[in-house]
Every structure is written in structure tokens, then in C-alpha cells.
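In the two complexes that follow, chain A is the common piece, with chain B as its partner first and chain C second.
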Partner chain A sequence: MDIDDILQEFETATSRKETKKTPTTLYDELVVAMVNERMAPELLPFKHELLQKVLAQISNQQQFLLDSHEYGDVNAESGVVTGDFKLQLMIIETDIERINYLIRLYLRTRLSKIDKFTIFYINETADEDPDSKDRLLSSQEQKYMHQHFKILTRLYNNCFLKRLPHTLTLLDDTSGGQSMIVEPDLNQPVFVKSITDKPITISLGEDDELDLVNDGIYVVKYKLVRDYISIGDVVMI
Partner chain B sequence: MSLPSHLQNNLTPSEINFMAENELITILPRYSMNKIELIGTKVPALRAMRREEIPLWIAVVLKSQDKCSIVPPSWLNLTYLKEKYDEEIRKPLRFSDLPPNWLEVSKILLAKASDDLADPTHQLRSILQDLREIRLVKSRKGLRELNESNIQLNGLSLLEINELRPFVLTVMNKLRLLHDTIAKKDSGDADNVSDDEY
Partner chain C sequence: MYGDLANKLILDAKRTTNLSALPLYQGDLVKDIIKEIQDLNKDAEFLEEQTDDGDEQLKINQCQLFVTHLSMRRNKRCLLAYERLRAEKVAEFAWLNIDPIGDPNATKSHTTIADNYIYSNYTTQLSLDNLNHAEEEYFKAYQDLMLEYKSAFADIDLSGDLEPPTNIFIDVRVLKDGGEVQTEYGSFNLIKDSQFYVRKSDVERLIQQGYLEEL
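Let's look at the complex of A and B:
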């Protein structure tokens, strides 16, 4: 072991301490967003900012790849392009694919929830300001939801609803003590992990309390940790 | 549909593997390479024989091209794992604290970089399997403690949680529904005595 090695280890040891406080590379943020979305029983607010950043980065990288390929083609004969260069391009391409995959997982999970709770979210987002920054759905999702619902209602109507008595044809019937609107069940238990230093106390009702300590893994009702998930003190796993 | 039902509310082992591939790992490059700017992370400029920390998946790529050797993490050796195994036996009610993705990382390293590990791979594999089994037995025993409101499962890795998840969540959900009906009945009991028949 030479002096460089020792220095290096010292450096990594200190830098690791720092990074542990803020583990927020774009990649990590995406993973957290994806897993949270997958595990939560309801639709979480769309990560407008994060997705915007990531998509911009992806197109940057793709431009870089295009430029590099051009550069590679021009200099192919002169032997400037080494295997190393190709390897680097390959790593960049793989990285783009990995991020793409994560985004796809994220969006697909959201779409499946929108499909499941269509009427509920149409009602929920009805009086949202279309220009506000913290909308629940992205504009594409919004469009998808409405069109999907339109097609689906038309299909139902044509297939069987038109032959039923008029009183039975409502898809959002809430009379008769039974709501026809499928709603997310916020009481579902979820696996969560606390990632802040300060302990979080949640009440379990009937003067029962539970402390969530750092790094602890718990299964609790989603409703109880909902607020902590939105500020990021607790992540779902 | 947009997401197959086996993917809903659960992760697949391959997805967990995918997430573990982004764990940072120390490598010892054999060649120099310029730094690469990636979206998620940054790969620093590599210089021969100078340790650097890079994401595991890049390390595996470089390794397959013989451009680096991987420095195994401090927990992936026989002595440490034996110690943890003994700890698992000594404390039957606790899980020893292994890194949250020990199963995935060790699997990747054993498959792709077995020549960089300090100990013979068959011994490592067998101690990892032992650890896995004893923890599995423990978590199964812990299922007896399931109730309708909450449980605590410190020290379990993501992959192990994922195995338990479908069972735990379904059972807790059912218990919760049962519990809710009891609570409702209790409040309704005052004017309805005939409930005793059930």
C-alpha cells in the first residue's frame, strides 16, 4: 500500500460520511419514486421536477452519443478511436437504458392505478388548477385518463348498459349504501423504512403509539405514514 | 394491462437485483480511463492501481473486459460471515445487521468476479446459504407475531422482505378487516343483544 492508497482511503472515508446525509443522485431519487409508487395503495403526486430533469439529461446524453458517433466515424481510419472510447460510449448507452427502464416502471405503475381508480381520480382532479406546479397527474396522464374513460364508457354502453333499465346504468352510483366508485384503500398495511435521524412518533389510535427510529423497518397502515412519505422522512420498501 | 398483476404491490427479484447493481463498490483499475459523466452518477477518471468507487454494474462491465479487479466489500469474507452466523444463532430473536442488499451483491460478485474474492467460493456460497436459511427460519417464526396494526422487522434485507410481503400484507389486511367488524359490533351491541348467537 503506498501513500496514494492511504490518502485515497481517507478521502473515500470522509466523502462517504458526507454522501450518507444526502443520498440524492437523480438515480436514487428515481428509485425511491418508483418503489414508493409501486407500494402505495393510492396515486402519489407526479414528480414533475424530477422527471423534467431526468428527461432533459437523457436528451443531453443522446446528443452527446450522436456527436461521439459522428466523431468516431470521421476518425475511424486514422486510428484515433480506441477500444476505450467505444467502451465509454457503451457504458453511457447502458446508463441511458437503465434510467429509461426506471422511468417506464414508474409510469406504468401510475397508469395501472389510474386505470383502477379512474372515476375516483377524475372527481379528485376536477377542480385542480391546470397550471399549478403540484398537480397529482401530469398533463399526459390527465389526457389519457379522460380518453380511456370515454372509450370504456362507450364500450359498456354499447355492449350491455343500453339494455338495462335507466336507473341501473350509472357507473358512479353511490346510492343504496354501496359506492360504485373504486377508491384506494388507505388503511392497507405497507412496509416502510425510516430514514431520518429524529424518531417519528405515530399514533395507532386508542392511546397506542409507535416510534419509528432511523433505519428501522416497519409494517404499518399506509394512512399513518402518508405525510412522512410525502416529505421523504420515510420511504416504502 | 399497463402493469401485470404480479408486479403490483411487489417487486420482482430481478428488479431488486437491478437496484442493487447501482451500489457503489471499490475497484482497482488495471488501465487508465477518462472520466464519464452519466445521468445517475459520475465515473471518476480511472488511473491504474488507484482505488476508485464506481457503481457495481460498471465495475462488472470493466471486469468482464479485464480492465479492473473488484475489491470485495468488507463483509464478504468467511471470518466476518461466520461471525454473523454465530450471532444469528446466539440471538434467536434478532437479525444480525448485514448490509441491506447482501444477497444480491454477493450473488453478483460470486458470479462475475469470483477470482477477486479472498476466500474459496464454495465455502462462501455455503456460509451465505447457511445465513440465508437461518434468517428465513427466523422470519417464518416471526410470522406468529402478526397482528392487525403493526410489526417491526429490523435488519431484514430487501430481498427477504420481498419474500414475506405477499403473505404478511394479505394476512394483516384480513386481520384488519376482521378487527374492524368486531369494533363495529362492539359499538352496535348495546341495542342488539342477539349477536351472542354467532
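Let's look at the complex of A and C:
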């Protein structure tokens, strides 16, 4: 049984008035978002809508599971409940577990990137509009980042920074020819796959060009395909 | 030589990266390095005041000043790198959600978790004795921070296993005695060497804490 069937079953089982297109695409979207996030050297914009939808569906499913278990327990003796019923519940449970895992990986990957490039992203998001839809970080992540930076700074200060000469106490020092702010390396090579029918031509500099054809797999510098990834014509693998 | 002490610190940090437990905080070494930086700073201040010598002397002074500044900066970076690594390890441990070890004698029973291949690169042990005061504070603050972040995602176990799940039910063997465990599918008793077939998400915490072993 593949994922589509299971998701189909989800829909009928819960009899929610979801439009037909969402269940499969939602799962696929999540996988793409997760893989992209894992492979990209920089933080990608947070998928606000996607996450909201998935989280809502998961809690629906969990509620449904609870109800069904109750229903199963109550009717266990009367013979209304067949073995298939338990199996169905288990399939749903397995699937929740899987989606759970995807989200877990997605969020944790983002957190690890935020931890790595903290100062860079604090500067980057400083003048973002907090109400706009396409913010780089979710509000929780924003909070996490600032809070984590605060406790880290406190740790450094308590350990040694407060005892150093005043000129050396900066954490985002860029003098002396070396920047202390860790930035994502956009030149890192990544594996990508083109998923659009339109041919994409990227310039490699020095009059060199590379055509990405549909379904082709390439290794390119991240910054060259960055824009195509954000519009979804190219996915990372 | 200036920088030797910092070098030692970095070597210690490098060793730490592959350990599953956080070693003792190198308080003395850190103190010595801070002292070195303070000395260097005094040197630098002194050198900056020396301006009335000849041209030749001025050049020498400037060169010395430059090297002094470089050494100070390098020391600072080493200190930061060392502390950062420790902070990361502490945070990594916080995600695993295991109780830290307060009593140094209790460490032995915890070695089994480290043998598990999944966790081989993780910080699976943390002895509070090895942390300095500021680090302990950081650990607590980070735990709070993590809880706050996780509370936004009530249905998702964010600190769970990062390996893809295969079965929802797994076979486990009990490694040490514990009390009764309640799950949705009934309860079982933790008796050493007994085996159970249980739902993975129910017992994940117990595996991380070293009560159970996945077969």
C-alpha cells in the first residue's frame, strides 16, 4: 500500500471536507520542504502555511485515533469491530508517526542552522516586518534565536569575556581582517533536480552556461540555483 | 610562547568533539589564558605610549604592537571556540531529555546508552560536576528555552529519534529494573532481561534513559 492510498483512506475515514488536491500534495510539499532545508547551506524561508495545515491535520488525526480507540474498546465484545478496524488504525498511526518525523527533522534542521549562524540571522532579520507573510523565521524561531543568543552571550561573559580588556569583548568583531560572524557558504555545491518543463539556463560565468532539463540531476553551486529553488522549479536531493 | 596555552585548550576541545560525555571544565587553563591576554594588553598600552624614540625604534614598536594584538585576538577566539563547543554539547544533551548525572559514582550504569550506534556521536552523558557555574546556568536556561519552543508543537515529539521510523511496534529488552510502565495498550513491568513488544513512541524516552534496548 503506498502513501497515496493511506492518505486517501485518511480522508474517507475522517470524512473531513478537505478539497481533493490537498492530502497528497501536502505530504509531498512537506517532503520537498524538509529535503530542501536539509541540503541548503542557508536557512530557507519558513513554510508558515504548510506547517499550519499539517499541524492542524495531525491534531485532527490524533483526535480521530483517540475516538476510534474508544469506539473500538466499547464495541469490542459485540463483534462490530473487525480485525481490519485495528489494522486501519495502525496504518493511520504509522503515518502520523512518519509525518511527525518529517516535521521533527524539518524544525530541528532549521534550529541547528539558526544556532550556527545566529548573529548573521539576527542582523538579517532585524528590519523584517514582523507581520509579513514571508518571513524567514517563524515567530517561535525568532524568539528562540534571540533568547539563545542572550544566554550564550551571558555564558561567554561569565566565563571569560568580562575579564578581557574592553576592546576585545565584542562578539561580532569584524576588525583585524577577520569577521567573527559565521555566514552560510552560498558557494557550496549541492545536488539538484529540475522538475519543470521549462528549460532553465544558468550562467556559470566566463560565457559558460548550463541547461537544466526536466528530470535532470546536476551538481551546482548553491547560489546559482537559489532563485529556482525558492520558486520550486528545482528541488534538492 | 604566546598562544601555547590557547593551543592546549583547543586540543582539549578537539578531543571533546568525539566524546559522548563532557569532560571537566579547564578552569585553570582558561584563567591562565585570560591572564596572558591581560598581560599582552598591558604590553600593548605600554608600546602605544612609546612614541618619542627614533624612526627605527618606532617601526620595531609598531611591529611588536601588531603581533601583540594578533596574539590577544587569537587567544580570545580560542576561548570562544572552546566555550562554544561546550555550550553546543550541553544543548545537544538537553535535547535528549535525560537527567544529568549529579553523583559521579552513578556514571557506570549509563555507559550502555553510548554503545548504541544511533547515539554514538551524541552527548549522552552529562555530569553536572564537570560544568562550571555559568555553564550550569546556561544548561538550565537552555532547557527552559527548549521547552518553550516545543510547547508550540504539542502533537510533535521534537526531541525524538532523528532516524526515520520503520515500525511503530518494536521488540525491546529491559536492561535494568524499574517500576511499572503505563501505555495506551496496557502496562508492563520493567524487570531486568525480560522482553516486550511495545509501541516505539511509548518507550523512546526509556531507551534514551538506558532502561530498554531495542532488539
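Going forward, the second predicted complex is superposed on the first by the 213 of 237 C-alpha atoms of A that agree within 3 Å, B and C clash if a C-alpha of one lies under 4 Å from a C-alpha of the other, contacts with A are read in each partner's own complex, and residues count from 1 in each chain.
The working rule: a contact is a pair of C-beta atoms (placed from the backbone, for glycine too) under 8 Å apart; a residue touches a chain by one contact, two chains touch by 3 or more.
Bear in mind the structure is a predicted one, so any value in this text is a computation, not a measurement.
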**Report entry** Touched partner set for A:Gln142, first chain B, second chain C, both or neither
**Finding:** neither
Query raised in the report: Which of the two partners, first being chain B and second being chain C, lies in contact with A:Tyr218: first, second, both, or neither?
Result: first
Report task. Check whether A:Leu210 is in contact with chain B, with chain C, with both or with neither, and answer first, second, both or neither. Result -> first
Report task. State whether A:Asn187 touches chain B only (first), chain C only (second), both chains, or neither. Result -> first
Query raised in the report: Regarding the shared-chain residue A:Met39, is it in contact with chain B (first), chain C (second), both, or neither?
Result: first
Query raised in the report: chain A residues in contact: does chain B have more, or chain C?
Result: B
**Report entry** Touched partner set for A:Gln88, first chain B, second chain C, both or neither
**Finding:** first
Query - First, second, both or neither for A:Arg108, with chain B first and chain C second - result: both
Report task. Figure out whether A:Thr118 sits in contact with chain B (first) or chain C (second), or with both, or with neither. Result -> neither
Query - Which superposed partner A:Arg98 touches (first chain B, second chain C, both, neither) - result: both
Requested in this report: Across the two complexes, find the residues of chain A that touch chain B and also touch chain C.
Outcome: 58, 90, 94, 98, 101, 105, 108, 111, 115
Report task. Report the residues of chain A in contact with chain B in the complex, numbered from low to high. Result -> 4-5, 8-9, 12, 25-28, 30-31, 35, 38-39, 54, 57-58, 61, 84, 87-88, 90-92, 94-96, 98-99, 101, 105, 108-109, 111-112, 115, 187-191, 204, 208, 210, 215-221, 237
Query raised in the report: In the complex formed with chain A, which residues of chain B make contact?
Result: 1-3, 7-11, 15, 18-19, 22, 26, 31, 33-34, 36, 38-41, 43, 50-51, 53, 57-58, 61-62, 65, 67, 149-156, 158, 161, 165, 168-169, 172-173, 176
Report summary line: chain C partner, complex, touching residues on chain A are 55, 58-59, 62, 69, 90, 93-94, 97-98, 100-101, 103-105, 107-108, 111, 115, 140-141, 143-144, 147-148, 151-152, 154-156, 158-160, 163-165, 168, 171, 176, 178, 180
Query raised in the report: Contact residues on chain C for chain A in the complex?
Result: 30, 33-34, 37-38, 41, 69-70, 72-73, 76-77, 79-80, 83-84, 87-88, 91, 132-135, 137-138, 141-142, 145, 148-149, 152-158, 160, 162, 164-165, 167-168, 184, 200-201
